[in-house]
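In what follows, chain A forms one complex with chain B and a second complex with chain C.
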Partner chain A sequence: MGALTKNTHRRKKRTFSEWIKSRDGQKVLVMVAFMVVPLILLAVFTYIPFGEMVNFSFYNMKYIGARKFVGLKNYAKVFSRDDCFGALKLSLYYMGGSVVQLSLALYLATLLSFKVKGGNLFKGFMFFPFLINGIAIGFIFKFFYTRGFVFDTVLQWCGFQLDNLPYWLKDRSINNISLVGTSVWRYFGQNMVLFIGAIMSVDNELYEAAMLDGANKFQQFKYIIMPSIKTIFVLNVILSISGSLSAFEPPYVITDGANGTGTYFVVMHEIAHTQQKVGLASAMAVVLLGIIFLVTIFQKLFFKYVFKDSTQ
Partner chain B sequence: MTIFEKAGKYILIFLKYLSLVFFSFVALLPVVSCVITAFKSDVEYQNTNVMTLPENWFNFDNFINAFNKAGMARAFMNSLIILVCVLLFSTIIGTQLAYVLNRFKFPGNTLIRNLFLFASMLPGVAMQISVYEIMYKLHFINSLPGYIVMMCGTDVIAIYIYIQFFENIDISLDESAIVDGASYFTIFYRILFPLLKPAIVTACILKGVGTYNEYYCANLYLQDKNKLATVATSLYTFVGPLGSKYNLICAGVIISLLPALVVFITCQKQIYSGLTAGAVKG
Partner chain C sequence: MKFKKLWALCLASVMTLSLVACGGNAASTTPANTDAEETTTEVAAAAEETEASEEVEGIPSYTDLDLSKYTDTTASIKFIHHKTDRAEDGTMDRMVSEFNSEFPNITVEMEAVTDYAEDALLRLSTKDWGDVMFIPAVDKVDLPEYFMPFDTLDKLSEKLNFVDSWEYEGNCYGIPYMANAQGVLYNKAVFEEAGIKELPKTPTEFLEDLKLIKDNTDAIPLYTNYAAGWTMGAWDAYIGIVSNGDNTYMNQKFVHTAEPFKDPGDDTGIYNLYRILFDAVANGLIEDDYTTTDWESCKGMLNRGEIGTMVLGSWAYAQMQEAGDTPENVGYMPFPMTVGGKQYVSAGGDYNYCINVASSDENKLAALIFVKWMVEKSNWCFNEGGYTVVKGGQNPDMYAAFDGCEVMSDQPSLAGEETLLNDMNAESELSFNAGGNDKVQRIVEAAATGSETLDDIYADWTKAWNDAQAELGISADY
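So, the complex of A and B:
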């Protein structure tokens, strides 16, 4: 605000009421009036809690009652307890899922960006899962995966024997994959829509010119479609890594973290809101935010490097 | 074209439609199976396979039952109140903020943008650990207004949609109004706000769907499920003793996603374009 205060000093001779009626005064007034509410909300619901969280992580505390300063003990626990840091292993499943999801979205977006009969209908069908609320998704998939229900029935149509099929949500060798599947199901259509948007932003003339030059579909994909969605594709790859580290919804709404499906955030939620070990949960949050922050910086650098590379 | 090329072309077309049909089937199967089950009576549900079609497609008993058991009349009312208030307030503060950030150059402009951007990167579940304490201190727990205020908070995607839109409105419009002696408030409300309408519609649809579907904070802060359930959290009624009556549960699930379906069918274009606009900046 340096420039503004200088302005007000220069015109010190005027009274405040004169100043507030002037153009400059009006400008400041409107800026303050329009920004004060969103900035207060931002402070109260993001930055103050953020500070509090760091503060909490040094205490042994519940939401109500006495607090005891314990220094770095909570952090030591985060790294030593099996159910805390160890839960990050599950992120690997979710990263695998993102790879499947993004490739699938890219494939379908490419198909739909060419002329397709009923293209909008297909697009709508595949996108709709994105609009379903989380709890409904929880019930839908508890039902879907129940022994002998939807998924098993469909697999039986395909010739599988029920006896050979696992319990999709109980069997520890498969249940995390089942959960990741629901996440892919929910988001592949949304990714596809993003990719279609990027592909469509390419000037149509480019395709026409390519056709005239006799480029086939594969060449069109390689030389027109791929470059046009490169930015958003890489962006989504990047987002999927921090997304996988903070995976929460599928286990939270479907299995409640039972049978070894508790991801880091599910464990953290349980510790914070059920066991009310707020200090430990805060330490967990701070550790993960730190990791996400590092990963993001690393990715930004990588992103920059890759794109510099591609423009040369 | 040789016969092989022709055959190849048809095989490719066939594969293209095969993939589209297959993945549409995958996307729809979980929801369709719910619809099928929701129309079955208790006896039918227990004695038939889940994928067997119901005898009577006009058996709405489960829907009526689910609606009453989960107190959905109240839940829809609450969700409507939340939706209207959140959309109204977040539109006002979002457009105003975008106006200032786009039209005025001042030190701190970039800082404020970055503060909002950084806030959007913090995972919500982690933040709620300490937001819970703030909500408790503000007496915002079990308070519909409190939840609404929290939901109006930071929404970077909407702000970016508005800023992008402002960038395309010629600044000479503002300048000529200033020459005519209009105040900044007048310029914003009389001239720019009406022009923003398409952006507001897009942002409201996205925010609306998000708010309607929000369940994590609603569950955390609106704990009195008799009075303060939203449509999403009212589905928690079916956890517990009712947990295996899937014909009832599926009916509840279908009811809960109907509004989203209606919005989707009527506003497909805005949803797609809003997502795309938000993603490029995000």
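So, the complex of A and C:
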């Protein structure tokens, strides 16, 4: 190998071993050495499995046994079946939930970023649900919503009659809202902490200057806080929306996707694991990825336009 | 300068190491194969020396294996199973220590898997999952690829019941650890309080009795266990033998039936099986809020008499008895359906033991010894309230109500059609007896909300069934 590299590098008048000892060579070497491990991890655990999944989506296959190449038939099925795309309608509930979640988080973050008595305690309490495992939350809420259990009891303390209360998970007109409620409860604390972090970075002198100019709290929020946390806000919106397209844990654990609560992910899980149509489920996953891409790009453009307008 | 050289050397070695790590997987498979070959030849040589009259592999078949001759066998095997509850209460460990008192040199490592049906399939594809497992939902054609045959069906079925469910080309690949009879759980005290003198024999009688329970007691007449899901799929077990008295229906005729969900008009058939559920829900004979049922607490509720009936296999009987202070009130009755004046009971194996075909020969032998001991000497089947797997074995008292009923087990599918039912289940997505819980949940939802009639649902199922038959090219002969 030594002889070979000598020949190829002779023109530059520097052998490979000389180059590797030089400052440039060392730089490259260090970069490669540090990058190799994370890149391998990324490839092994993300890109290679993803490539495999895309490959699966062209086959009629089970986990084990023979596979049959069917081309784009699985994709055609995703678009023609009622249950696949019908499940996406449920995402609207979760998107509605994420609007509530983000406004609540933003409101509380703004309050808590000023001096509030026991502010840290509240932050802790509200962030706490995010630390609980999603499956555990599912079980908590299964009992929370059971007829005559926690939620109904609390409402009865407030003067409601049990007979007037709906069945939170049985009644199809509200069971999805009940489920979205659990996801809002879980994630708004995390959004709030992210917002607080961003608001903290705003220079205090700006508020003083604004106060001297006679700006009230709402104006301060609109013209100082909002523009400064724009990036983190957009990020949170994008994460919540793509999160609501791929909602899984609440319906899977609490209702097992039954009674009209099966979201796209739950349907996909059912098709992949119960019906063992791995190819079709993979195609569904790829289609969802496409949808999330589109939605994200659309949001990016939307915010670019809206925020340009408001900051001028 | 020296320091730099050292640094470069370190980096270079890190890089080489990571490359080696990448190639590791591919490289390690080859030596493993040669290992296996070596052991095969060694064992074959050993077999020749002892002049054992065995097959080529040197492992006797299940029926030829004489347990008393192998007490000094040495091996270490791994057994993965789904009985997490029995692992927790120490039953599994007790059985293995009993096994070890006879076979002290066979070490059995056990792992209880919670989400067994899914996990086992995934592990199966890796080939080195262990030596003994319970067969998950695989296609029959794939059996020889994954498992070692125990024996021929002819020889094995002389000794054991229910061994034909995992038969392929004349060989048996699975032996059930226990067998279940399909009936209905009920609380005797509730039935008495409701004024039910005789056990119901038809769906119509059953629905009347549920009404009596509702009117005369505080108990929930029929507990659906809707939320758990798999408990709803349990209704599929009554298709075939119970619903039409034909033990060739489930595995042979069902896939060839054009209209399996048609009402035969005499209170039998699949139509009236699910009609019980639909009518019970529509008439409010089930729990108040079916979406928040809880499997663990229903056991105690049945035991205490807060639940009248539950439609589940006999395996659940022991658990219901253990769950409260009044085990004597837990009863088990044949399914309320009478075909031609006779009640039929379907009995069949639960999960089946199987042995990894990729294990070494020593492990295969030890695994075979272990399975034979578990089936014939552990008494596990009897303790779980199971229908006996060993021919002529003792049955628990709970089956007393089954006197006078005809007990049958489903015949295996015809040669060349072994995979048809699985294919139909997957294609139609109805998944009968294969985790198709949502289709039964749909009946409950429809009956409760009035969104669909039972006939709408059956029409939909028939369409899915016929489409699948067309897609797979299966003839509709019946």
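Methods note: the second predicted complex is superposed on the first by the 263 of 312 C-alpha atoms of A that agree within 3 Å, B and C clash if a C-alpha of one lies under 4 Å from a C-alpha of the other, contacts with A are read in each partner's own complex, and residues count from 1 in each chain.
Operating definition for what follows: a contact is a pair of C-beta atoms (placed from the backbone, for glycine too) under 8 Å apart; a residue touches a chain by one contact, two chains touch by 3 or more.
Because the structure is a prediction, the values reported are computed rather than measured.
Touch criterion not met for A:Tyr94: it reaches neither chain B nor chain C. In the superposition on chain A, A:Gln26 makes contact with both chain B and chain C. Contacts of A:Leu131 after superposition on the shared chain: chain B is touched, whereas chain C is not.
By the touch criterion defined above, A:Ala258 lies against chain C but remains apart from chain B after alignment on the C-alpha atoms of chain A.
In the superposition on chain A, A:Phe233 makes contact with neither chain B nor chain C.
Judged by the touch definition given at the top, the superposed model places A:Arg172 against chain C, while chain B stays out of reach. Of the two partner chains placed around the shared chain by superposition, chain C is the only one that A:Glu270 touches, whereas chain B remains out of contact.
By the touch criterion stated above, A:Tyr59 is placed in contact with neither chain B nor chain C.
Once the two complexes are laid over each other on the shared chain, residue contacts for A:Arg147 go to chain C alone; chain B is not touched. On chain A, the patch touched by chain B and the patch touched by chain C overlap at residues 26, 29-30, 33, 37, 63-64, 143, 146, 149, 273.
The touching residues of chain A, counted against chain C in their complex, run 20-21, 26, 29-30, 32-33, 36-37, 40, 62-65, 142-143, 145-147, 149, 167, 169-170, 172, 175, 255-260, 262, 270-271, 273-277. The residues of chain A lying in touch with chain B in their complex are 1-4, 23, 26-27, 29-31, 33-35, 37-39, 41-42, 44-50, 52-53, 56, 63-64, 104, 107-108, 111-112, 114, 116, 120, 122, 124-129, 131-136, 139-141, 143-144, 146, 148-150, 153-154, 185, 188-190, 193-194, 196-198, 217, 231-232, 235, 239, 242, 246, 248, 265, 268-269, 272-273, 278, 281-282, 285, 288-289, 292, 296. Put simply, chain C touches chain A in their complex at residues 4, 8, 11, 14-15, 18, 22, 118, 121-122, 124-125, 137-139, 141-142, 146, 226-229, 288-292, 294, 425-426, 429, 431, 434-438, 441, 445, 448-449.
Within the complex formed with chain A, the residues of chain B that make contact are 12, 16-17, 19-21, 23-24, 26-31, 33-34, 37, 49-51, 93-94, 96-97, 99-100, 104, 106-108, 112, 115-116, 119, 121-123, 125-134, 136, 138, 149-150, 152-154, 178, 183-185, 188, 209, 212-216, 220, 231-233, 235-236, 238, 246, 249-250, 252-253, 256-257, 260-261, 263-264, 268, 271-273, 275-276, 279-280, 282.
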